[in-house]
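Chains here go by letter, A, B, C and D, matching the order in which they are written, and residues are numbered from 1 within each.
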Amino acid sequence: MNFASDGLEFEKVHVWRGDRHVLQGISAHVRPRELLHISGANGTGKTTLLRVVSGLLRPEQGSVTWLGQSITSSRTEYQAALAYASHEPALKSDLTAIENLRFAVGLKRRVTPKDLLAALDRTGVAACAELPARVLSAGQRRRVSLARVLAMRASIWLLDEPHANLDAAGSELVSELLQAHVQEGGLALVVAHRDLALSCPVRRLELNS
Amino acid sequence: MWTWFYKLASPPYVYGVAAALRLWLFGAAALAMGYGLIAGLAIAPPDYQQGEAFRMIYVHVPGAILSLTVYTVMAAASAVALIWRIKVGHAVAAASAPIGASFALLALVTGSLWGKPMWGTYWAWDPRLTSELILLFLYVGVMSLRSAFEDPLRGDRAAALLAVVGVVNVPIVHFSVVWWNSLHQGATIVRIGAPKMPGSMLWPLLSMWLGFMLFFGAVLCMRLQAEVLNRERQASWVREAIKS
Amino acid sequence: MTVGAWEAFLLVLHRELCLSFRRPEQLFQPLVFFLIVTTLFPLGLSLQLSALRDIAPGVLWVAALLSSLLSLDSLFKSDADDGTLEQLALSGQGLTLIVVAKTGAHWLVTGLALVIVSPIVAIALGIPTSAFAIMMLSLALGTLTLSWLGAIGAGLTIGLRRGNVLLSLIVLPLATPLLIFGAAATDRAISGTSTAGAMYFLAALCVFTCTLAPWAATAALRITLE
Amino acid sequence: MTNEFWSMGGYARYVWPCYGIAGAVLAWNLWAAGRYLAAAKLRAARALAMASSEAR
């Protein structure tokens, strides 16, 4: 009946923050093998939108559906298919990089240290695996958080400023990872200021106040 | 089938009803309190044990009952607001809290004024007074939690949850305080509100209680209007509402 | 491939214990606070050991409540600050399960630790050794209940500045029944009278709180996470 | 009679403050609610004025 029921869809999302009407009826539909690039000036609600899509924030109006089902009614399944990387790298500074990954990814799926090391290796921080996160540089922390997304093997990626603190090689890496993810049938929502420079189809959503 | 429920809870409707009810409630409260005051202070005979001092009952007991009633109203409104996501519920809860806290304070102060001639001290760890004090702390907690949030929406919901948790706790606190008190003191405290109160003493009390209830209703209406306005600033009906 | 609830629970518990033991000073601070507060009372009152015994249960319990409250502030806050709470909330495991694991771990490292050091304080306050068993059992029940009440409070005050003062303001009134029954049980154990009544009430409170508080704490987290 | 009434059988210094405080609490409720409502109306009016000036 609803032939748009594949992928992730949000419709007429409204969010107020106090008196401020942050999101004013934002809609989009992202299908597998698609990437949605969310851009906009500071304070236009990019992160808020991503939090709404993740299910962390319930919009006051509007709906978010995945495979035609509201994400609140299929919360567990939706979250199992989701990898969210917030603006902060979300690492415990007292735990090592690999422990951080283990405690975060281990709740989604059974992982072996080998899987986690492979993910860290892919993002170029395998050498830091046994170091506590507090001694890592901001760029290394970002790479560890990318490794976490990778190790979750999720079909939906929600990335908030994945390029932050990364050097040129790091930005390249983000593009490669995104491209591979989309080509394997995943979908991604990426908040970023810069152009993503991808060869796969990219849809754009520009937020303005 | 729930449409009437949501219509009843729609902000413009609530605002209108509150504005219309307010004066009637004040009038009725004044009548009930007026009768209660005259009958309680001048007509009712002095108590055979406590003499004229018992007349403090006419403000102490209604204040104490109201402080509990208002907390229940606040918690019920909070529960409705949390379960059905009805904003007006938060408005009712936010409007009730300061009124209830003021009644709790009234019950405490008048209780201790009554305590001096009866117990010989302003404060005895009487179970009723002690649980009233804890009730006041609960009110203060809910109010400070609400105002601590910069986002009023989150403040509303956090305070609502605390109010619901608190209302579960109120009977437990009261029971435990009574139990604790029975360990430390015998039944030396004069029991108030004994069932065999003659009508000439009872009617003024009931009238004062009714007056306090109506007064709470009236002040609730005023505060509710304000809370609804604060939550609905963008809505178009506000323009009409504040003109009148 | 998916992770069962029990497995996830153990993983979060492991994570919390790992984090606590990486910061041993945070483990010891509440215990030291407990010891200091209980030392201050006799100094302030300058009493003989025999007279101290009368106020010992109250002192012990007030100090225990305050010191376990001290560490509750960081129960969710440190995870919220570095963004890991969002990861936990989106982990595909129920948030309630995570709350239960985190609160359980909190009780293990603060409440249980407090129970273990309580005999030292008890000796200093002149509590006879015959009362130790009841005192420790009542403290175990009491601190567990407080951990749960505190989890609700901590969930509600996550994002707030000066949240720790507000946390005490919210939690302490709710904790009065604990103080009453806990101190009464200890008091009766010292005087050698029957402790059954107080202990039953304390156990009932504990069971009641442990059944309902997880849901309330989860709801609190959902509100403040938004 | 009046004197007898005001002296409240020797309890005047407890009974009258008691009623005084009750009156004060009721009056405070009225005053505070009135002020709060007035402030809310003023704020709403300002918000509306700002919204309409922006629309122009």
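Just so we're on the same page, contacts are C-beta pairs under 8 Å (C-beta built on N, C-alpha and C of every residue); 3 or more make two chains touch, one makes a residue touch a chain.
In this text the structure is predicted, and so the values were computed from the model without any measurement.
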Between chain C and chain D, the fewest touch steps amount to 2
The chain pair with the larger count of contacting C-beta pairs, comparing A-C against A-B, is A-C
Expressed in whole Å, how far the mean CA point of chain A lies from that of chain C is 36
Per the C-alpha means, the centres of chain A and chain B lie apart by a whole-Å value of 48
Distance between the CA centroids of chain B and chain D (whole Å) is 15
CA centroids of chain B and chain C: separation to the nearest Å works out as 32
By the touch definition above, chain C meets two or more other chains at residues 226
Each of the following residues of chain B touches two or more other chains, namely 233-234
Each of the following residues of chain D touches two or more other chains, namely 47
The chain pairs that touch are A-B, A-C, B-C, B-D
The chain B residues in contact with chain D across the complex are 41-42, 46, 51-53, 55-56, 59-60, 63, 98-99, 102-103, 105-106, 109-110, 113-114, 116-117, 215, 219, 222-223, 225-227, 229-230, 233-234, 238-239, 242
Per the touch rule, the chain C residues reaching chain A in their complex are 1-3, 8, 11-12, 14-15, 18-19, 22-23, 82-84, 86-94, 225-226
Residue set of chain C touching chain B in the complex reads 152, 156-157, 159-160, 162-163, 166, 169-170, 172-174, 176-177, 180-181, 184, 201, 205, 212, 216, 219-220, 223-224, 226
Listed in rising order, the residues of chain B that touch chain A in the complex are 150-153, 233-234
Given the complex, residues on chain A that touch chain C span 51, 54-58, 76-77, 79-80, 82, 84, 86-95, 99, 103-104, 106-110, 148
